[in-house]
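Attaching a single structure in structure tokens format; questions to follow.
In this document, chain identifiers A, B, C and D correspond to the written order of the chains, with residue numbering beginning at 1 in each.
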Amino acid sequence: MNVIVELEKPLVELEAKIDGLKKLNETQRVDFSAEIAALEAKARQLKNEVFGNLTPWQRVHMARHPRRPLALDYISALDGFTELHGDRTFRDDPAIVTGYAYLDGMPIFVIGEQKGRDTKDNLYRNFGMPHPEGYRKAQRIMQHAEKFKRPLVSFIDTPGAYPGIGAEERGQSQAIAQSLILLAGLRTPIVVNITGEGGSGGALAIGIGDHIVMLQHAVYSVASPEAAASILWRDAGRAEEAAKRLHLTSDELFEFGIIDEVVSEPLGGAQADATRVIADLLAADKRALARLTRLSADELVDRRYEKFRRIGSHVERVHDSAAR
Amino acid sequence: MAPTPSWLRRRGARPEAAPDTLWEICPGCGERLYKKDLAERLRLCSRCGHHLRLGALDRIALLADGDFQELVPHLITSDPLQWTDRIPYAKKIAGDRVKSGLLEAIVVGLCTVEGVPIGLGVMDFSFRGGTMGSVVGEKVTLLIEECARRRLPAVIVTASGGARMEEGMIALMQLAKTSAAVQRFAALGLPLITILTDPTTGGVSASFGFQADIIIAESGAAIGFAGRRVIDQTIRQKLPEGFQSAQFLLEHGQVDMVVRRGELKTALARFLHFVSDQKVPA
Amino acid sequence: MAPTPSWLRRRGARPEAAPDTLWEICPGCGERLYKKDLAERLRLCSRCGHHLRLGALDRIALLADGDFQELVPHLITSDPLQWTDRIPYAKKIAGDRVKSGLLEAIVVGLCTVEGVPIGLGVMDFSFRGGTMGSVVGEKVTLLIEECARRRLPAVIVTASGGARMEEGMIALMQLAKTSAAVQRFAALGLPLITILTDPTTGGVSASFGFQADIIIAESGAAIGFAGRRVIDQTIRQKLPEGFQSAQFLLEHGQVDMVVRRGELKTALARFLHFVSDQKVPA
Amino acid sequence: MNVIVELEKPLVELEAKIDGLKKLNETQRVDFSAEIAALEAKARQLKNEVFGNLTPWQRVHMARHPRRPLALDYISALDGFTELHGDRTFRDDPAIVTGYAYLDGMPIFVIGEQKGRDTKDNLYRNFGMPHPEGYRKAQRIMQHAEKFKRPLVSFIDTPGAYPGIGAEERGQSQAIAQSLILLAGLRTPIVVNITGEGGSGGALAIGIGDHIVMLQHAVYSVASPEAAASILWRDAGRAEEAAKRLHLTSDELFEFGIIDEVVSEPLGGAQADATRVIADLLAADKRALARLTRLSADELVDRRYEKFRRIGSHVERVHDSAAR
């Protein structure tokens, strides 16, 4: 069960109550204004209590909230989105959505990792976990973006690349590795958005870019907390602890210089005001592209190289026998 | 990014399970092998031919002509997340230094192979399961950049459980950093050859491991993206015979060849000569 | 290269089977349709929506803005093998000219689509099953070369049973010729869009049909390399439901989209605008 | 049954008899020289009768002769052949063999379509009929040849690309189409050898090159005679007639300018003296490469374009209403 959904239950009930009273207020003769005001104050307080200071684990669940906007919600908010399908080799992977659209008049290619809204949809989308053919579809779109000199905008939301038999047989490693090569050298601007879960290499495979935007309550980590706990301690049950240790929140990653910009969410998360959050994120993308499209392809690729070249945390060790 | 599983693991005891430091148990057949003999036989089991894991220094001795010059030997992690645990990351690192005799999970340098000058990087599984953190990413990048500058082929021998959890996103970003280096290097028309040894999974597999022009899998190596444990937990069904073995990858078109340890240097040198020699028609 | 099968064929009578020239039988549902009505409805069955085959001239009317200027209209085959048969090739050609009202199996030219200037080629199945011989290959090549010269997007609507047997290896070599033209064209950064209609198989499918940046399959089209008859004879087992249908190709990642006839122009124009407009950030 | 194998039966028997007599001659005191000479004369005459004037259909069977040298026989005659495997996507296809080797000291990449020698081998090699993954493996090697500036030499011997369910699902058309694009633009010399059967697009997919060599008794056609008969007359049984009409022999194709050079075979076909035929073919390749490697990549690609650009047979029709 989603931790946030549990946590916000009293708030949801309270808001339902307020809504009910408001309807009564309109239709009945009795005036409930005072009661409504009191409940609204209480709701604000409760909201602050619930969302004011989320733990990393809670933020993981915020990123996985069943009502959180998904990649296609952002993409559909672009103008004239047209989906393009298929890797031309094996299969069209519904866990990755690709196509072209306009961002406030600017023609762009888009790639998004798409989770499902309900169980049936999630089975279709494989819970947003792409197979190699999904990444190979994305590679086609990357090449289109370069060929037709259109920026590329990606939306990351995946627990990770799918760990299954077919995925291994068809070269999950190879598919991700080739995506990384392509993005690193792509001669067109790339803006990356982390909107939900950014899980591991499966996220990074559409995550190398010139400007990396992250929603406040999105998470991005070297492995999902469950996988990390399993790797570190052979105990997926310690995921909460892993979430804390992995430094996967937007503020931490901004500090580390892993991401370039954080787009804030309303109290209650993106789903509390999806329209606003979607507009804010796309506005950030637009600002970034306005800047990036002024650079030459050579400059872009050189800067992108330097951007990732810098990321590290190591020192030259003074040699033990330096005194000799 | 993924645990460091081996499809072989289930077939026998793991080397670490043998407390006796003079003897080692073959994971292939369970035979008790005298370590000194084993070292002389390239760590191939005398009974079943199984390829036991080989350390970075032994592998350099196996592949290089004897002229290996190490690059950036003193690079160490600065523990970006200040990771504490039952055993803090810094302490684990210190322990692995003693165990492996290395400062980090990869050794990189310049050498010749049958006379052909190359850049060579060799990973060592006994150091944090060969995981890639900041140091491994930096050393791979420096190696490839140096090869690009000198117009040399690059060869990397992988053995890795993936990205290093204890360095968090800094570790994941090493996939991006090394990939960018490989992209530039490849665009110069220079060859990258990888030799995937047991085990190669996760972030190393999903970056330079599978970005090479020629990919050689060592016999018996377990190679994949996801670790076996993760796959088991996800799909909860029986995995096919030999799943993620070198031979499995060959059949599924993922690697160019499977080579036994004793023939690795010959196979490598052959391609190096082929792409390096400036032969003209007679 | 392959027969001109249709997975639809088995579902009903073929249009040619209807002797009555005023009426046509829907291959989708068997309905008897009045030809004049059918023509007005883009040849979509009024009962089941099935897309009946559409001739090249009708298709040009459907897609172009009304300003189509034909290129090389008078190119005809010189019958390189001097093919004789029960009915000689030359005689079959003459018959198809009458039947189709065309000199060959493709019409190429320049036009605009919602204002975007393009080069457009449209094949016609009623001329020798849309097979590609010397003339089709030459006209496709000239179209693409002309588009390269004028820096125009190229759009080709395919309907073809493959290479034309009666022109032997000259026909097969048209795959090479057109591919070379597409390669040069693509290297200039210009877009090629193909619309695959019923049926597209063999040499046209295995050359420019699948060399496009964007591949649109018309609803209900049968598309594949090998013809159904050849596959049947080879594997002798039941073919999957909807095998080689447009939807099947979409699911297997082979085409970008499946579009109904009525929306083809919009889908095409949308992409043409997208790649042609020189919009800059606001 | 192979028509040639049937036809050459009396000859094979006669030669066995001669061999027997020769052995006797060496071991016995009686002199059989005269008998041997007489039988040898008869064998020569018979050989001329059988092979002197083969029909197209007989040449199809010559190209399919069970003892005819196969792609790997030529490739193994190169120095230091090393096989490279896999398409990196789905499967290693044994119907196409790729790798690198030296042709008399010159480093080259090679691609060959490989049939089996016996039933078991043929099942493994799928009778030399590649799947899409075979062509995609070949594409990797083409790209290697360009990247490492080594010539590409191919050996064609296939009834055609495999017409099966999996092949269609994985995009047989797309795989061949992309091979054609790659070869057309490849910036390194390409020499193509047609050594056995050249069947349709499945052959052409490794058959665009700068110099096309064909063995005398190889065949190369727009479709296999059986497929052509099936397409033309819905009767695969009329394959012999199709073979005649298709103009698929080396001399006809040389006339048409489809191929550039014919390497002759001994009376009795390549299998009668495989060593010589293999050496002759590779010598032709060497001569061609010596010439081609002197050209710049731009010249090569331009000439290749013109070479295929020219192939056609059409005229401008004088318009019916030209008099108007």
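Following the convention adopted for this analysis, a residue touches a chain if its C-beta (ideal position, glycine included) is under 8 Å from a C-beta of that chain, and two chains touch if they have at least 3 such contacts.
Bear in mind the structure is a predicted one, so any value in this text is a computation, not a measurement.
Engineer: Steps needed, at minimum, to get from subunit B to subunit C via touching chains?
Structural biologist: 2
Engineer: Going by the touch criterion at the top, tell me which pair is linked by more C-beta contacts: A-B or A-C.
Structural biologist: A-B
Engineer: Take the average of all CA coordinates in subunit A, do the same for subunit B, and state the distance between these two points in whole angstrom.
Structural biologist: 31
Engineer: Compute the distance, rounded to whole Å, between the mean C-alpha positions of subunit B and subunit D.
Structural biologist: The mean C-alpha positions of subunit B and subunit D differ by 42 Å.
Engineer: Provide the C-alpha centroid distance between subunit A and subunit D, rounded to the nearest whole angstrom.
Structural biologist: Chain centres of subunit A and subunit D, defined by C-alpha means, are spaced 54 Å apart.
Engineer: Quick one: which residues in subunit C touch 2 or more of the other chains?
Structural biologist: 186, 210, 252-254
Engineer: Please output the residue numbers of subunit D that touch at least 2 other chains, ranges allowed.
Structural biologist: 88-90, 169-171, 174, in rising order.
Engineer: Which two-chain combinations qualify as touching?
Structural biologist: A-B, A-C, A-D, B-D, C-D
Engineer: Sort out for me which residues of subunit C touch subunit A in the complex.
Structural biologist: Subunit C residues touching subunit A: 186, 189, 191, 210, 213-214, 250-257, 267, 270-271, 274-275, 277, 279-282.
Engineer: Report the residues of subunit A in contact with subunit C in the complex, numbered from low to high.
Structural biologist: The touching residues are 80, 82-93, 100, 102, 104-107, 133, 137, 144, 147-150, 286, 289-290, 293.
Engineer: If you look only at subunit A, which of its residues touch subunit B in the complex?
Structural biologist: 161-165, 167-174, 176-178, 180-181, 183-185, 200-201, 204-205, 207-208, 220-223, 227-228, 230-232, 234, 236, 242, 245-248, 253, 256, 258, 304-305, 308-309, 311-319
Engineer: Which positions of subunit A touch subunit D when the two form their complex?
Structural biologist: Where subunit A meets subunit D, its residues are 88-90, 132, 136, 169-171, 174.
Engineer: Sort out for me which residues of subunit B touch subunit A in the complex.
Structural biologist: 1-3, 72, 74-81, 83, 85, 103, 134-135, 137-138, 141, 161-177, 179-184, 186-187, 201-203, 205-211, 223-227, 229-231, 233-235, 239-240, 243-244, 248, 252-254
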